[in-house]
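By written order: A, B, C and D. Residues from 1 in each chain.
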């Protein structure tokens, strides 16, 4: 029983990752490019490399409001090692937190591939998708944000994708959906940072199943900072977050 | 009850991390520099930024042999989301895996601070430390590797630290200990990659309590690649790792 | 913003869980019954309580072969606290490991509810389900085991369900499927322990979404024993599991 | 390279755990006794079995206030599988949360062993320990609670330990320390539930290194209930906990 990996060859004094000797990568290839290499099996062009770097930075932190940071800080306050607390934050990355990148990318990739097969226009596809999702009472993921109406990260990422000539059909479709959403619903539901990363990484040719990976790799840097701040600046078990909770379970009674 | 954070200010359409607007960082400041910013409260010089980038890349992957990768792949094979499996690998980063960076850095930082106070020479300190640890039957952490006798990552990192003029007392002490270990024990116990990162980050002025953080942030990229490879290329619950285990518990008996 | 919980009321010197004062539960109600109370909002009958107890024990351990135990032991060997290592094993409980309880229970509950609506016989439903799954090339979950042909846990659990008069339609359907599988495929695919727990908890009236919960709560006891054995009996970072892995990634090349 | 385990022998159709066939344990031996067997290598007496059962129940839940429950619920709200969210809660069990059982048990076991060696009286040892800890400004762990002044779980556990004739030196020392704390400091610092479990499991002969295990195994039941309630009763990513946080990091500035 033998199995194969395409990631790293390990021999004494010799480490080759995705075809490159680690000593060649170290200090010569920026870390974000190495991430790209690991997830896409080749080094990026300068444009793709810079875009990947920008995406990772766009994910680093959003204060203590998201589940990632809250989970990491709470677990840190239990008095555990730094990696244990960082991992707790990573665990909260799921269908509802970061998941819009994965599902959004799948949605866009399916639609674009359909569009090409049926030789349709982006605007028509967008109109259909918004109508269809509203009829089926499904949300299209990657639009709207509980805090930002014009997310500075989204704007910067899209501007960069344009400048680096990375923008193609997936981004175009994403922007067409944004317009249609406003037209059909009357509400502004701007593309959020998850939606932007879904569209951009799709135009970069990434598998949608890696959607949560970009967010995770970037966010781990911020989580590390949160855990370090908690461990060095606060007492364990401090009251950090509060909840206004009421018990409405079965009435108090005696054991029969 | 109010608490304070130095990491990120979150306001509608406005995100400021360690003093910089996120839209300014994205695409302008390399991700490794942003990591530095998050952990050290200031942007690095070009030299420090490049060194941090090199350190992260030096940590990305070591094949499927270390606990990090084994844990991530095994957990992935249970049929769980990518972040859950990546987090499992992060959990294995402990005192024995990556921990030599933390403990090694503390050891070097304590020794250098003692050395300065007592106005001693590096060579004398190294001689004393090696003798003392051998008398107390304690290992000095960060020396020796189960696979590599001349780790290509270590060599490259030290060469870079020299070239970038980052090398100072901590690296010097680390190298002096390496020599003393050979002299006093007769065995070659070369500085390993954990030991190198401990010495270099100490010379860069990082808190030893961040020792595991550098390893973690770099390694997460490799773990993501392992989980993705497992999820897209293999069947769940495959027999991946084998163990030659024998039961030597209490003899089989009837319930009395 | 207020939210409600049905689990525990916390007041100074007063803890009420699902309607019962904790001091009344402690020492008076067996732990397995408390688990039942937590998951089903009422204390069990003696029969249901004993069945729940048996199910938890049936899940405690299967040696070091399953992902749960392997993950916990590997993570323990990194030198981390006991709970961190136990949690790593829990993370591997997924669609492919323990997941057959959840999916199997949903499958049985859907089928039984359909059966009642259409007033059909169990044997006919079983025949249809096996034929349908074979035509759609889908596996029915909860049948067959990589090691056991006649799993001692399954036999004991079903015998107990009969004795305690818990066996109803879901168990009957499960056994009818087992027979049909052999008839239609010619192969023996006996109900495994996951399938047995799926059927029994369905007959006990549990929500299929709790499928992984029974396994998890029982298994945590075994994982704790594994981590304790690893931490007290072995060296950190020992070579515990081996893999026969070959690198088949891109050929080694120079950076261009 | 072969290694040995004392936990479970796995053979086709044959599972032996700590000497007992699993089909014999299932339904015949209460789950809490099986936990005892796993952690202590023998089945308990009726008294020890009941005490273990009581301890597990005493740990099940404390509402949403402790890190365990907060972490599990927050991670659940990210949209992840039940075991992932339960594991996140387990991760928060650390030196400051549940850790008093481990450290408290070590403290008591060391003191009792010292006491026997030096043939001293419990009252004298207690007096010395309280004085010493106050001089060294160290807290004795297991005393005082942020909510309860007379914890109903503690009272019940101690009453049960008396009734079952389990109470010996460790419990006696624990109560003597409680008295001395009040005498020397003037403040009431009653033994909390962690302290009670530390003392009782010490009198039962358990290794202090298992301190967090009892808490973990019991608490997992409550965490499962929390995650199930969150997943079935609430929307993902709801605002669950709030924090009053202020940014006091570096002032906002332009990139230079």
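Please note the rule applied: a contact is a pair of C-beta atoms (placed from the backbone, for glycine too) under 8 Å apart; a residue touches a chain by one contact, two chains touch by 3 or more.
All figures in this text were calculated on a predicted structure; none of them were measured in a lab.
Student: Greatest Cα-centroid separation from chain C: which chain?
Tutor: B
Student: Examine where the copies chain A and chain B touch and state whether the two sides share over half of their residue numbers (same) or under half (different).
Tutor: Same, since over half the interface numbering is common to both chains.
Student: Just give me the whole-number Å value for how far the CA centre of chain B lies from that of chain C.
Tutor: 36
Student: Based only on mean CA positions, could you tell me how far chain A sits from chain B in angstrom?
Tutor: Here chain A and chain B have centroids separated by 25 Å.
Student: How many angstrom between the C-alpha centroids of chain C and chain A?
Tutor: The answer is 31 Å.
Student: Indicate the residues of chain C shared as contacts by at least two other chains.
Tutor: Those would be 1, 3, 5-10, 17, 21, 25, 29, 63-64, 80-81, 83-84, 87-88, 91, 93-94, 98, 240, 242-243, 245, 247.
Student: Quick one: which bits of chain D touch chain B in the complex? Just the residue numbers, please.
Tutor: 1-10, 16-21, 24-25, 28-29, 41-42, 80-81, 83-84, 91, 243-255
Student: In the complex of these two chains, what residues of chain D are touching chain C?
Tutor: Per the touch definition, chain D meets chain C at residues 1, 3, 5-10, 12-15, 17, 21-23, 25-27, 29-32, 34-35, 38-39, 50, 53-54, 56-58, 60-65, 81-84, 86-88, 90-91, 93-94, 98, 147-153, 155-157, 160, 207, 209-210, 212-213, 216-218, 220-222, 224-226, 228-229, 231-232, 234, 238-240, 242.
Student: Applying the document's contact rule, which stretches of chain C touch chain B when the two form their complex?
Tutor: 63-64, 67-68, 70-71, 74-75, 77-80, 84-85, 87-88, 91-99, 146, 236-237, 240-243, 245, 247
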